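Shared between the two complexes below is chain A, which pairs with chain B and chain C, respectively.
Up next is the complex of A and B:
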């Protein structure tokens, strides 16, 4: 498979382009886009592509970029967009709508701090804001993963058992602007992996109305269906990994990426590129004879409670590293996963790299040394890593 | 909707009865101008294939509750500010697939003049292939009748109890300034003109904008049966100019008002929203004249606004 040296932003856009072309025999591809640092290069790349039966609309705002994706997807087209940070905050009302219509729109987010005060560096607070909206959420840690994840996200989102929008996240700048080698498959391969999409609720000839009023009872049932569908995503993703491997000859990353975790006494839990640093730290500590392992949460929605419970079982200590702060609470990831640990396990939350701080191995080593000394779970800590 | 005599029974035909755009049993208030508009739209559209985008507004309630719908065409309910962007996506995919579908936005004045203004402006600037119809009841009807920037001066609303101080935005001026292929105002009291404009706008390509003064007995505190008459008075008095603008430059006045004081006084007197707010025929006259002078200028007809 040919290898290209591209940024993760371009990897996401290239995957979306291939996916878009793959729908040319069906209702095509249509996307609304709007720039924001550090997602801009993704939309720029998309705007430069020739997509057969495809159109990229240069919108006037993120709210309307998603509006255009909604109209396109509700008309049966494959649809993709990208934004982050305040762009995502501005878009969010239509993200709620996209989920409510159960449209399989895929969105690439180059995670960035929310402001003002303005800050363009990586922080997961933007996509985590979307936590409860009915979007699948996947976090990547290198450029190949970003590329593969976007392709898989289309297949996952469009699976009739799932049928809902998907967010594919990468750390702003750390990934979005880093050039790395990415294996890029041919269009024929992508065509085979991603057959033409069929969105059954799309506006067609029949006179149904999408998104109209409903009663509390109907809302409960719709939420229930949406929730159940999201819970099947893990199983569907496993099938997608198989078919990905069959077509492309390599396996996309697992929903939870464990590293030397099985026999570990202490676990580091994180998302995005923090997980890659954590794996290097694990190697260092292992050399010193410490039984440390890492879990990188790639699939944040749906939450993989069963698997996390299994991985956490019998651990002495768990350090949950959050690149986010839920003000007045602690780390969002910590809040989600701490309940899956056994009561005897010490679960400590460190919010590191918040606002884009550069988290290096020495920072993690310090935190883990501190954790080794503790005998109980403490309050969540916001850690400066300047 | 009643069989409104002012429409000469035109909105109710055999065809409309068999397959109305707005089905019986919808939840619109009696005498709602939007109901009349939809009947006219059905008539104008005839066999054309339509798809509709409706943002939050009264029309989002009109369709009723899931899974039934009072609309007989495929419709998507968008968020309040997004009608023209969602329609952009729908129209783009229709075009990619070589479909003749006409994509219509049916939006209130709030979704047009206020929260959706940026969206509307952007879609117009891109000249998307959309027919955007604003039914203007001059308030936020859905939320119980608060002011919008389409509320006229002197109208009491639930958020301007003593009457709104400011005038209405010049929506057609704004749309014309986008140099879109077609922008027009529609008087539901002039059915031939209404039908002609709807048909023209349905067939034209690019961004088309129609502004419809839409009587709202609930918000205007008027008699349901008086809706069409109120529109006629608004036109006769010069308060609601009926005109069209081609490509943002060619202005054509369609109905010549008589600018009668009597019509304007009647218009105000028949709606309790204007009661006790201090608005009078005399207080409105200068702004009407000013606007008509501007319209004369734009349409190349140098005739004094007031002819008597």
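Up next is the complex of A and C:
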């Protein structure tokens, strides 16, 4: 497979382009985009592509960019956009609609700190703001993963059992602006992996209304359907991994990436590139004879409670590293996963690299050395990393 | 802490094909440059080369708030194994520095002995050898090479592709690897520069044994504290002085507008137009009258080189500066008051033309006693006797003269100065300034030139001007020449009763030195232009009856850039009853005693400079009223400086960095066609010497002035500043340097180049 040296932003856009072309025999591709650092390069790349039966619309705001995606998807096109930070915050009202309409739009987010005060660097707080809206959420840790995840996200979102929008996230700058080798499949391969999309509720089939007024009982049923559909995503994703491997000869990363976790006493739980640094720390401490392992949560929504319970079983200590702060609470990931640990396990939350600090192995080693001395779970700690 | 030394990875050496054996992995490269130099792309190029060798690479920039010229870092990591390191590079094996001014502890931070350092600098390697004795050190003038090969633009040279050539050599990569990489990346155009750098780079090997200790700051310094600091954290973080981020600071500065630069009189054109716009004619006159003794005159007869240089030409037409000057002089009675001089000198000015009047005016303005000697009955010189009244009415000239004389200048008319008189003035006055203008007019030296009816144009104009006695003409008149005097003669001849007027000029119309608008006026009034014709003979018995004209072709350009006229054998004959010659004037002084010489516009006796200066056409032969006024002022200042024992500082009119059209942001200004002068249309110009150009109908034209290079307090900078650090003061603006990040948006948005960015200077201590 040809290898290209591209940034993760370009990898996401290239995957979206290939996916868009793959729908040329059906209703085509249409995307509304609006720039914001550090997601801009993704939309720039997309704007420069020739996509047969495709249109990339430069919108006048993030809100309208999502509006265009909704319109495109509701008429049966494959649709993709990219934004982050306050751009995502501005888009979010339409993101709620996209989820409610159950439209399989894929969005790439180069995670960036929400302002003000302004900060352009990596923080997961923006996409985590979307936690409860009915979007699938996947976090990547290298350029190849970003490329693969966007392709998988289309297939996952468009699966009739799932049928809902998906967020694919990468750390702003740390990943979005890093160039590295990416294996890029041929269009023919992508066509095989990602057949034309069929959106059952699309508007061109018969005249009808999407998302009309409904009674409390109808809403309960719709919420239940959406919730159940999201819960099937884990199983569907496993099938997608198989089919991906069959077509591309390479297996996309698991929803939970465990590393030397099985026999570990201490576990580091994290998302995004923090997880790769955690693996380096694991290697280092294993060399010193310490039983440490790592879990990198790639699939944040749906939450993989069953698998996490199994992985957490019997652990002495779990350090949950969050690149976010839920103000007045602690780390969002910590809040999600702490309940899956056994009562005897010490679960400690460290919020590190908030606002984009360069979290180095040395930082994690210091935190783990401290955790080693603890006898109970403490309050979540915000760690200052410049 | 306890983890200050990185133990995460131990280095491995590799035997990868094409790579020098002493490269160990993981390889970490750090690059330091400035915003805009292409440092991030350079790191990517290096990554691409390693990727081509089959290694895993990762490359990224260290992104911060956008600032012009700010220090920028970029990193590249290389490993045969998959790369799991997602951190910045703190202990680089290879360090590339794109700008020697950046060299300092921060740049060298974490660089251990034995590392590879490549510096872009035009300096000799010896300058750095001692400093980098423990490193494999390379130095290359990548900027010079890239400039030579024309990579980038003349102002922004892009050096990354060149520098990578030197890097390849420093590593010991074969040239073929470089060629292959550039071919694959579509950079073959830059390959010659890269090859030159490959061959030119000067490489020094490390001197002693490699110890592996970092020479920069201790590595720990770059590792921020890890422990929670909640106990001493304030509720609100301390204020971040973002001004510390900046490497450049914007500031307000006056730059030279092209009109000011072009004005032969040294007028502050931008100054008087802006004063007119904001405060009216009196305020404008106050600016104008400092340099300009004759604004009513210049506002009518100046060839206005300012308008030819006006930046607005590139947008919608030059500002009608000449007529704005006229508007000010016609609408203001303002008088500048004479200053009190510390020591009052008594000076004689010989010649009451524009240069003499300007000289006398400037001297009197500075509080000195001036006596003006004029050989004719009235002051004015060429203004009174050479320019016809329909262009310069008597009352207009009188108005300027009255203002000049009101400064207390004594004038003695009908007082010619010969050699003896010159001697007397020299002894009686502290200094004498001679501005007698041109002397005799040129003749043609063609056969028949002495026939009756052939006359010098200047004599005709003088007679025409004299009292109410208009020179009566009849029949066909031919005027020979292409300057303003020729045009004046032609139009005056028409007014004096000629049945036809033909203007004969030896070059083409484009090369006529006369003011464009005057040529147009003449043609409109009925003057026929015969260009590319040279008179070779006059016919007639006693009285001129015809003129033989040879056709002219234009040859190669002369020293002055105009194409040389080549007279052909083809001739035609015109009948005529009057010929006026307007061929220019000679410059002959002849009033200095024989023992004196003229040197550098000053009289000398033997090797002694005398207090006698020369000003205007008799000294410079520039030939326009405006040049004479400017030279008169400068000569007055030079004379005063010399009398006071000081060196003259004002040797030129106005100096400074010129504002180019590209530096004016046209999009800021609405398109607005120039306001044209109003012209009085007469049924017949015959026998009418009324002023036909009535000037502007309002001062609205002043609104069109860009005010190039001078702040008008338009608030654009204040509006565009993204950080709100610009505030108004009484006289302009203040920039809060504590918070200005130096992004440069204000200077880029300034519509008129009244702002610029200045380097703050990077200090090693920072």
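The rule is simple: the second predicted complex is superposed on the first by the 385 of 386 C-alpha atoms of A that agree within 3 Å, B and C clash if a C-alpha of one lies under 4 Å from a C-alpha of the other, contacts with A are read in each partner's own complex, and residues count from 1 in each chain.
Here is the rule we use: a contact is a pair of C-beta atoms (placed from the backbone, for glycine too) under 8 Å apart; a residue touches a chain by one contact, two chains touch by 3 or more.
Quick caveat: nothing in here was measured; it's all calculated off a predicted structure.
A.B. asks: After the alignment on chain A, I want to confirm one thing: do chain B and chain C clash, or do they fit together?
C.D. replies: Once both complexes are aligned on chain A, chain B and chain C fit side by side.
A.B. asks: Touch check for A:361: first (chain B), second (chain C), both, or neither?
C.D. replies: A:361 contacts chain C only, not chain B.
A.B. asks: Is A:265 contacted by the first partner chain B, the second partner chain C, both or neither?
C.D. replies: It touches nothing on chain B or chain C.
A.B. asks: With chain A as the corner point, what is the angle to chain B and chain C based on their C-alpha centres after superposing, as a multiple of 10 degrees?
C.D. replies: 70
A.B. asks: Taking the superposition as given, does A:120 touch the first partner, chain B, the second, chain C, both, or neither?
C.D. replies: second
A.B. asks: With both complexes superposed on chain A, which partner does A:246 reach: first (chain B), second (chain C), both or neither?
C.D. replies: Neither: A:246 stays clear of chain B and chain C.
A.B. asks: Based on the superposed arrangement, let me know which partner A:208 touches: chain B (first), chain C (second), both, or neither?
C.D. replies: first
A.B. asks: What is the contact status of A:174 with respect to chain B (first) and chain C (second): first, second, both, or neither?
C.D. replies: second
A.B. asks: Is A:305 contacted by the first partner chain B, the second partner chain C, both or neither?
C.D. replies: After superposing on A, A:305 lies clear of both chain B and chain C.
A.B. asks: In whole Å, how close do chain B and chain C get at the C-alpha level once superposed?
C.D. replies: Minimum C-alpha separation, chain B to chain C, in the superposed model is 18 Å.
A.B. asks: Can you pull the chain A residues that chain B and chain C both touch?
C.D. replies: Residues common to the chain A contacts of chain C and of chain B do not exist here, since the sets are disjoint.
A.B. asks: Can you check the complex and tell me which residues of chain C touch chain A?
C.D. replies: 1-4, 6-9, 44, 47-48, 51, 56-61, 63, 65, 83-88, 90, 223-230, 233
A.B. asks: Within their complex, state which residues of chain A touch chain C.
C.D. replies: Within the complex, chain A touches chain C at residues 3, 5, 38, 120-121, 141, 173-175, 177-181, 273, 276-277, 279-281, 284, 357-363, 365-367, 369, 381-386.
A.B. asks: Which residues of chain A touch chain B in their complex?
C.D. replies: Per the stated touch rule, the residues are 27-28, 30, 32, 53-55, 57-61, 63-65, 67-77, 79, 93-94, 96-97, 101, 203-215, 218.
A.B. asks: Given the complex with chain A, which residues does chain B contribute to the contact?
C.D. replies: Those residues of chain B that touch chain A are 51, 53, 60-61, 63-67, 69, 71-79, 81-82, 84-97, 118-119, 121-122, 125-126.
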